[in-house]
Amino acid sequence: MFALGFGLGTKNKKGEWLEAFFPAPILSPEREIVGIVKKNTSYTDGNRDLALSAKEISECAREIKDTEQKKLLEKLASSSMPKVISVIETDGAVKSTPEAYLKLHLLSTRLAKPNGMNLENIFTCLPTVAWTSDGAIDPNELEEVIMENRLRGKHIEIFSLDKFPRMTNYVIPSGVRIAHSARIRLGAFLGEGTTVMHEGFVNFNAGTTGPNMVEGRISQGVVVGSGTDLGGSASTAGTLSGGGNVLITIGKDCLISANAGTGIPLGDRCTIEAGLYITPGTLVRVLDEDRKTIKEVKARELSGQSDMLFIRNSLSGVVECRTNRNAISLNPLLHDNN
Amino acid sequence: MFALGFGLGTKNKKGEWLEAFFPAPILSPEREIVGIVKKNTSYTDGNRDLALSAKEISECAREIKDTEQKKLLEKLASSSMPKVISVIETDGAVKSTPEAYLKLHLLSTRLAKPNGMNLENIFTCLPTVAWTSDGAIDPNELEEVIMENRLRGKHIEIFSLDKFPRMTNYVIPSGVRIAHSARIRLGAFLGEGTTVMHEGFVNFNAGTTGPNMVEGRISQGVVVGSGTDLGGSASTAGTLSGGGNVLITIGKDCLISANAGTGIPLGDRCTIEAGLYITPGTLVRVLDEDRKTIKEVKARELSGQSDMLFIRNSLSGVVECRTNRNAISLNPLLHDNN
Amino acid sequence: MFALGFGLGTKNKKGEWLEAFFPAPILSPEREIVGIVKKNTSYTDGNRDLALSAKEISECAREIKDTEQKKLLEKLASSSMPKVISVIETDGAVKSTPEAYLKLHLLSTRLAKPNGMNLENIFTCLPTVAWTSDGAIDPNELEEVIMENRLRGKHIEIFSLDKFPRMTNYVIPSGVRIAHSARIRLGAFLGEGTTVMHEGFVNFNAGTTGPNMVEGRISQGVVVGSGTDLGGSASTAGTLSGGGNVLITIGKDCLISANAGTGIPLGDRCTIEAGLYITPGTLVRVLDEDRKTIKEVKARELSGQSDMLFIRNSLSGVVECRTNRNAISLNPLLHDNN
């Protein structure tokens, strides 16, 4: 059994799930809990989600031993809102909205790592939702809601029209600061000690090991190692649009400076100077410690290496890869002339 | 008759309009509807806006045949909020707040295209408004409102102090995703199939043909053609501040990569590599398909051409314009040696 | 006596201050007011903050002559929310949460200038707070609050998890436009006539003299002179992370174009072209009015000079410092061959 979650959700007027909130998702649930679910709900097997009645929830609550789950179920049973269980027996392609939300919760609660789950079809399973000051609303029902509020002199704020909600309305990871929650999607993985400043952005299935300072953009699939600093507007090329096919990872103790960017994976202790964007096709002159040219290569050939300092020589315009003088240990690969 | 709209508005304590909401604006209204307005309100001719009584609205509602307008008017009549009509007989310079809002609605509802209307004086007619979780408030009345809320232990969120509200609180265009509504002003034109990500921005009187992926900034007056992708922090130079006098348009199937920018109009199938900013004065070396130099020109001389690929050669620092190898058809103009 | 403020605050369940709101902070309070405070509260001397009872507040209100303070105190006395006074006898390192908030208020109300106060230890004194649509909440209490709202079908929006709140929920400076308040921290100093667009950002203890157009990022400690325009995503290197040790100031009538940045202080009438980032270590070729090379220096040696135009020559890749042709007066220092 891969994962399981009890929660609350919102449905549109057609009765379709718009979103689901799983306050205490479980990775690899124990046999006991699965047995209780099978006994007290209509769940039998496979990846399924079910709307649960207060009675079903109460019965599960009574039998379950895990304190956190018992407490959660007791609370859920007391609510008149739509209740849901998502059971993921095997980590396959996503097949429903609650299942998609459960997987996004697993990421943001740090139970699963970016690129560690099958997220195929997740876009199809996530409806576009109007995220408002009154909660999730189907965009097709939105104009009427806005109108009704207006007629009564009330304001409803429409925060976004997106497939993904803001993480902090669902999951509050420990030990993080998030200066502007609108820029962190549910499904982001923020490691302990991560600070995301106002200009920072973290997509779903992407994130930081922590501690990290993030003032740049972490695209879908990108993972940033501990101690690495992304400067303001720093860019990590994604694979969803505009970018290439290679998933970017950035190692430990790197500095992608302000307005810089990378389209190649980086190892540890790498620096890209402010304003410089390294694309996979950028021709780079690799220099040794005496600033002598070792070779000229496309940046993609340097992918994943450590102790690289990228600058554009301001007297020649040449993009250079120097040995990172701030590095703790040097990388012999850079000195390899072939 | 150019346009007409029935709506609701907010006034400050002095009785001045702060904003107006037109749920179903009409471009080129039929004679019948104008006649009904003239008969039942004090409107006679010209560009005027009027506060309407519930009675006037009811009378218009009774006579009007158009189903959408009839339904709207019936709803408006039931509301105790300030009701307004804006009639724009001729598309002249903007003269009032409701008229400015009606024109902004025309843009966001796709009834009018960017640069297709006279927006002269719009800044003068749009008061700076505090956009809050309780709706529009005059900034001069704001400190007291904040204080009164605080004294009662209530929170009021001040989202912005701006002449323009967020589009999504007024207009929800079909077929769009907007990851962060704070960055789309009312008056933006988002074509069907447009996705604006968190880093995207669209000013009023600017927008996309759709479908488009927007992770960059679309300045006032800028229009982006279908299939074009603006990468994260990509910049289009505006004419309001810092930019020049030439309105930027970007054609179809272009890619302005992350952290790149353009200060010149582009045709179709153009690419600007990540991190490169083309200003009108940038000296560009134009290369043929064999990478031989054809000429060196200021970028503004390449304005509006298609199939251009701009890169900064990373071994020489030269900004080059190559024939876009991803292009479907090539542009003979680029091969013109004069 | 350095400063004093009466206000309201929010406490967590442990009784610790999360934040404090000082509607009318006083710089250099008169002896009379300090005497009234000493007489009617338990304040004796030093830098201290005290929770005040309605009775203490009322007694201060009765005796105080200053109309604004009297009115404020009368209002405070009527509130059941936690009331607080912060008295700062000497401008020393920050020692408490209310004191930190009072200093931040002094900045945003323009009573104190950036870098004009001792802000040592301010990070320690500012707890990380969940800023929500229901006000300030201790992050440790947040999950329960989210859950309770969900169970009742109510939405609570979590705007940020940060040590600093948004300025506009506390202070509304006169004569400013702020397109997106999420990007201006309390403690920002926005001079009269400042417009901060959606992409603009202003940290605490930083700001503008006004008038200014800000579409870029003003880092902690950075001050921007009147008439200066920061283009979209323009970056000013900070000293808190990633940046160096030198506080950046930017003089009057400068233009830091879109996607550009500076890691050195600039004088008046300087321009950095779009997309160019000047770091302290950037080697710059200084040219005279005839475009002849005068010298090559590291950018930090040009710190604070006026009338500089920085571009990267697009035919050679060389970063050049030319005399700013748009400048009103020229700077002889640039012509100094040594």
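First chain written, first letter: the chains are A, B and C, and each begins at residue 1.
We take it that a contact is a pair of C-beta atoms (placed from the backbone, for glycine too) under 8 Å apart; a residue touches a chain by one contact, two chains touch by 3 or more.
Values in this document were obtained by computation on a predicted structure and should not be read as measured data.
For the copy pair chain A and chain B, the superposing rotation over Cα atoms measures out at 120 degrees to the nearest 5. Interface of chain B with chain C: the two copies contact each other largely through different residue positions, with under half of all numbers used appearing on both sides. Separating the centre of chain B from that of chain C, both taken as means of CA atoms, is a distance of 30 Å.
Touching of two or more other chains is recorded for residues 133, 159, 182, 233, 259, 275-276, 312, 316-318 of chain B. Within the complex formed with chain A, the residues of chain B that make contact are 8, 21, 23, 75-76, 78-81, 132-135, 159, 166, 168-170, 172, 176-182, 198-199, 213, 215, 229, 231-233, 255, 257-259, 273-276, 312-318.
Taken together, the chain B residues at the contact with chain C in this complex read 128, 130, 133, 139, 142-143, 146-147, 150-164, 182-183, 201, 217, 233, 235, 237, 241-242, 259-261, 263, 275-277, 279, 282-285, 296, 312, 316-319.
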